[in-house]
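Both complexes below contain chain A, partnered by chain B and then by chain C.
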Partner chain A sequence: MAEVILKDVCKTYGSLHVVKDVSLHIQDREFLVLVGPSGCGKSTTLRMVAGLEGISTGTIQIGSTVVNDLPPKDRDIAMVFQNYALYQHMTVYDNLAFGLRNRKVSEDKIKQEVMRATEILGLGPLLGRKPQQLSGGQQQRVALGRCIVRHPQVFLFDEPLSNLDAKLRAQMRVELKRLRERVETTSIYVTHDQVEAMTLGDRVVVMKDGCIQQVGTPLDIYNRPKNRFVASFIGAPAMNFLPVDIVQKGDFFHAEAQDFSIRLPPQRAAIFARTNRRPVTLGVRPEQVCFGPCPAGHETAFSAPVEVTEQLGAEMVIGVRAGDTLMMASRIAPEAPIAVHDHVPLWLDPRGLHFFDRESEEAIN
Partner chain B sequence: MSMAPVSAAHRPRLLGEKERFMLLLIAPAALVLLSFEVVPILIGMNASFRDWSLVNPQKTWVGLRHYVEVFTDPVFLKIVLPNTFILMVSSVTLSLVFGLALAHLLKRQFFGRILIQTVVLLPLTIAPVITATMMRWSFNDQFGILTNLLAVIGVPQVGWLSERWPSFIIIILTDVWIWTPWFTIILLAALQGLPKEPYEAAQIDAASKWGIFTHVTLPLLRPVIAVCVLIRAIDAFRTFDQVWVLTGGGPARSTEVFSVYAYVEAFVNLDLGRGAAAAGAGAIIMLAVGLGLYAIVNRAMEVSR
Partner chain C sequence: MSLSLAVSSTGPRAQAGGFLGLLGVAGRRVFFALAVVAILLIFIGPVAILLLTSVRPPSGVYYIWRGWEFTLDNFAEVLAQPVVLHSMWNSFVLSSIATVASLGVTVGSGYMLSRFTGPIQRSWFGIIYVFRTVPYISWVLPLYLVTTNLGIYDTYLGLLLPHVAVHVCFFSWIMKGFFDSISPSMEHAALIDGCTRWGAFRRVALPSAMPGIAALAILSWLWTWNEFLFGLILTAQRTPVITVTMAQFVTETGTEWHLMSATAVLAMLPALLITIFGQKYVVRGLRM
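On to the complex of A and B.
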């Protein structure tokens, strides 16, 4: 177990800049998730930590050792791949033992380690089988076991659940979570799935175009996104964005778009007091668009025509027309008397109002 | 036709329009196959049961006599069959090993790779008869370039093509030289298509280069290798040109392989019946060997899937 420190790490292929100045300090025993759309450099960053890709500039330190020039086998890391990458002709036992045998560990010790991993992961009945006789979830458990037996300093996960179907993925996510409690090892986990990032990470790193956008706890990132990209990437259904003008009317500030106007609560409007008109984007999560009359003390009511309704059983999601945007509202009671073309009363939870500069897309606080 | 088009249309046809069109499309190929494969095989089978020589116009029916003669001929049993199998096994094994090595070499990027790749593939583009002729001259006991080169580096002077084992080794090496490129291209393509993750996992697992080769590359290549070996083994069983050009089966029939044996019986001794029976005998043996290999290949494919 060790901390991992990335300092100004860059990766270039010719003129292509894939990872730009990534600096991260991953604490001992921390579970850090790198999340972002495909091509954002998250996998490349992970592979640089593993030693499978060279580092163009910057340093990577595992524990007290700078590992820039060490081959993967000497970095004391273990990695789980998206497509499992098991040795197809070996039994599960031999797959688990392979890394230890190469390191000249005694067979007694190997057996002891394999049995420990087997017990943690529930692989007992599978030890004599070969990978092609296992399901995807079982294969990925074997791949996890291959990491556990070695007691490495760092676990690296490269989209380990992406090859599984939705149901199995949810199940494996829970298993990973449980595994973390039994095996406390510094982990770096790469995924494009924001649900995995939110549920697994102690901290989450959101990346885009090779740059870190934001680092923080899952709640931090969810509640205080630094920019429009982070706000749109984390959370499902995705945050609504509505270009609005901030207009001062008397003592109050209003956010206005075509056919849409709300009065901003004074504490939120304070940030606009300095300039009275500014092109901004209003961001609000669907669960903070509420159906019904606005409770007393809030001033964010508006009404809008319904364009779509999605009945999910536990809740209803509707889409209403607000300016040029189809604004989604979730968490609506499934029995609510709402039909397409109805004009419905809605209000925005003031705690959930986010404002982004329309040009820089940075959050305005 | 013209009198009752309506009733004709209503009568259920044996074949629909689609089927008839399909038959039309395969007809040319079927015709060629029939006239140049099926008919000759039938004629050959017929011949193998008759005393069909050019001096006996009667074509007397002799039943299985020719087969019995072939299977009891000491030359066939003690020389031809062992030779055939030695050639098959050693040629396939050696060209597989060399092909695999070359494919590994050519997988890397290096300066001049394309040039080397082209040169390596050359033997495949040359007719085996020409290759064999080149080899025969290279090992000519007076003028042969290789005979002389070998003498210079101290290899004792041997009548390379006038003694059994030296000439048989040359036959094997010629066959290996011809077929190595074939293994090389197929294995190179297979190597380039292998997933990279198992290699990375093995790297992290501290596997040695040899460990990566035996535990990652070979298991992943197994299905391709199995199919290559199957095809080549069946093909090697029928080798004719190289042997015929290099030694003609000599000296004293000692390098004869199965197809040379059949050819000599039929077209040198002009005993067509006996030659056809030899060919038939070979086909039976090959069928058995082929089925055995096929079963092994199937198993290899299953394990690696």
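On to the complex of A and C.
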């Protein structure tokens, strides 16, 4: 077990800057998730930690060792790949034992370790099979087993669940979470799925275009996104963005767009003194767009025509026209009497209002 | 089985109209049966004629569909000629050595083309490409001059080198395809699991490519066994090969079809055995 420190790490291919000045301090036993859209440099960052990609500039340290020039085999890491990367010509047992055999561990000890992993992951009946005789979920479990038999300092996960179908993915996510509790090892997990990021990570790193956008706990990232990109990437359904003008009317500030106006809560007034009349983007999560009359004390009511309704059984999601934007509202009671073209009363939960500078797209706090 | 599958898979399209649509279900079955028979005849016909000719007496070879005289004397006669057995042995040795030698290069070359990019790989790719596009008949005369100048004309080596060169040029591509189909992340996993780059190749990539390598071994062996042109130009009395020996039954006084056929049937046997036992791999190799 060890901490992992990335200091100003860059990766360039010719003139292409894939990873730009990434600095991270991953604590011992921490589970860190790198999340971002494809091409954001998250996998490249992980592969640099693994030693599968060279580092253009910067340093990577695992434990007390700078590993920039160490080959992967000497970094004491284990990695789970998106396509499992099991050795097709070996049985499950040999797949699990391969790393230990390379390290000249005795066969007795290997057997003991393989059995331990087998017990944790429920691989018992599969030990004699070849990878092509296993389902995707089973293969991924073998890949996990291959990591835990070695007791490495760091686990690296490169989108391990993306090849599985939705149901199996949810199931494996739970298994991973359980595994985390049994095997406490520093882990770096790369995914493009924000649900995995939110559910698995102690901390989440959101990346875009090779740069870190924000580092924080899942709730931090969700509740206090630093910029519009983070706000839009994390959360499903995605946050609504509405270009508004901030207008002062008497003692109060209003956020206004065409056919849309709400009075903003006084506790946010301080920031609007600075941003008065500046064009900003209002961000509000669908679950904070509420249906019904506005409770007393909140002045964020508005009404809008319904354009789409999505019945999900447990809740209803509706899309209403607000200015030029189709604003989604979730968490609406499934039996609510709402039909397309209805003009419905809505209000915004003031705790969930985010404002972003329309030019820099940074959050205004 | 395959016939009914073919019918059912074309069924929906046939129903849409056209010639097959006019036939109806029974008509389509007959049509496909006839098509299969025609295709089989095209492939089996020449071999059947060859087999028949090889067991007819000299007087019967021009009228193989007439008369009931069959004999194995032709085989006895060709086997009594030392040159036939000598040629078969030469062909066997050449095919085997050429296969082993060329696979050694082809596996490395295919792996390099599949996994690495750089000036060396690009140049190598270019060379192979050029040699592949030039018809190999055009190499034969320069090769004759080269082998005579080097003093290896009509020796194993003189025939082996061109064969290995052709194998490397033609089969590196197929080998590259095999390695392309093996995910590099398997080797990456091996690197992390404690292997060196060479170890990852030897212990993971190579065993995974074994079915492909086996297919190529069979294709290489058959290619050299069946090759005629190099044998004709680059060998004489000392190192005859079976394909050339077979053609020497065309003499000034006429063609001895019965002996030629018997030799051809003998020459077919090793190839046939290899194809039967290695069919699974050959099909995979030919598909790429």
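In this text, the second predicted complex is superposed on the first by the 363 of 365 C-alpha atoms of A that agree within 3 Å, B and C clash if a C-alpha of one lies under 4 Å from a C-alpha of the other, contacts with A are read in each partner's own complex, and residues count from 1 in each chain.
We adopt the following convention: contacts are C-beta pairs under 8 Å (C-beta built on N, C-alpha and C of every residue); 3 or more make two chains touch, one makes a residue touch a chain.
This is a predicted model, so every value here is computed, not measured.
**Student:** With both structures lined up on chain A, is it a clash or a fit for chain B and chain C?
**Tutor:** clash
**Student:** Under the stated touch criterion, which partner chain does A:12 make contact with: chain B (first), chain C (second), both, or neither?
**Tutor:** neither
**Student:** In the overlaid three-chain picture, which partner chain does A:132 touch, first (chain B) or second (chain C), both, or neither?
**Tutor:** Touch status of A:132: first partner only.
**Student:** For A:71, using the defined touch cut-off, is the partner it touches chain B, chain C, both, or neither? Pick first, second, both or neither.
**Tutor:** Both partners, chain B and chain C.
**Student:** Kindly classify A:23 by the partners it touches after superposition: chain B alone (first), chain C alone (second), both, or neither?
**Tutor:** After superposing on A, A:23 lies clear of both chain B and chain C.
**Student:** Intersection of chain A residues contacting chain B with those contacting chain C?
**Tutor:** 50, 52, 71-73, 77-79, 81-83, 85-89, 98-99, 102-103, 146
**Student:** Okay, in this complex, where on chain A does chain B touch?
**Tutor:** Interface residues on the chain A side: 50, 52, 71-73, 77-79, 81-90, 98-99, 102-103, 130, 132, 146.
**Student:** Hey, which residues of chain C end up touching chain A in the complex?
**Tutor:** Its residues touching chain A are 182-183, 185-186, 188-196, 199, 204, 207-208, 210.
**Student:** Across the complex, what residues on chain A touch chain C?
**Tutor:** Counting only chain A, the residues touching chain C are 50-52, 71-73, 75, 77-79, 81-83, 85-89, 98-99, 102-103, 146, 150.
**Student:** Under the stated contact criterion, what part of chain B meets chain A in this complex?
**Tutor:** The touching residues are 195, 197-198, 200-208, 211, 215-216, 219-220, 222, 303-305.
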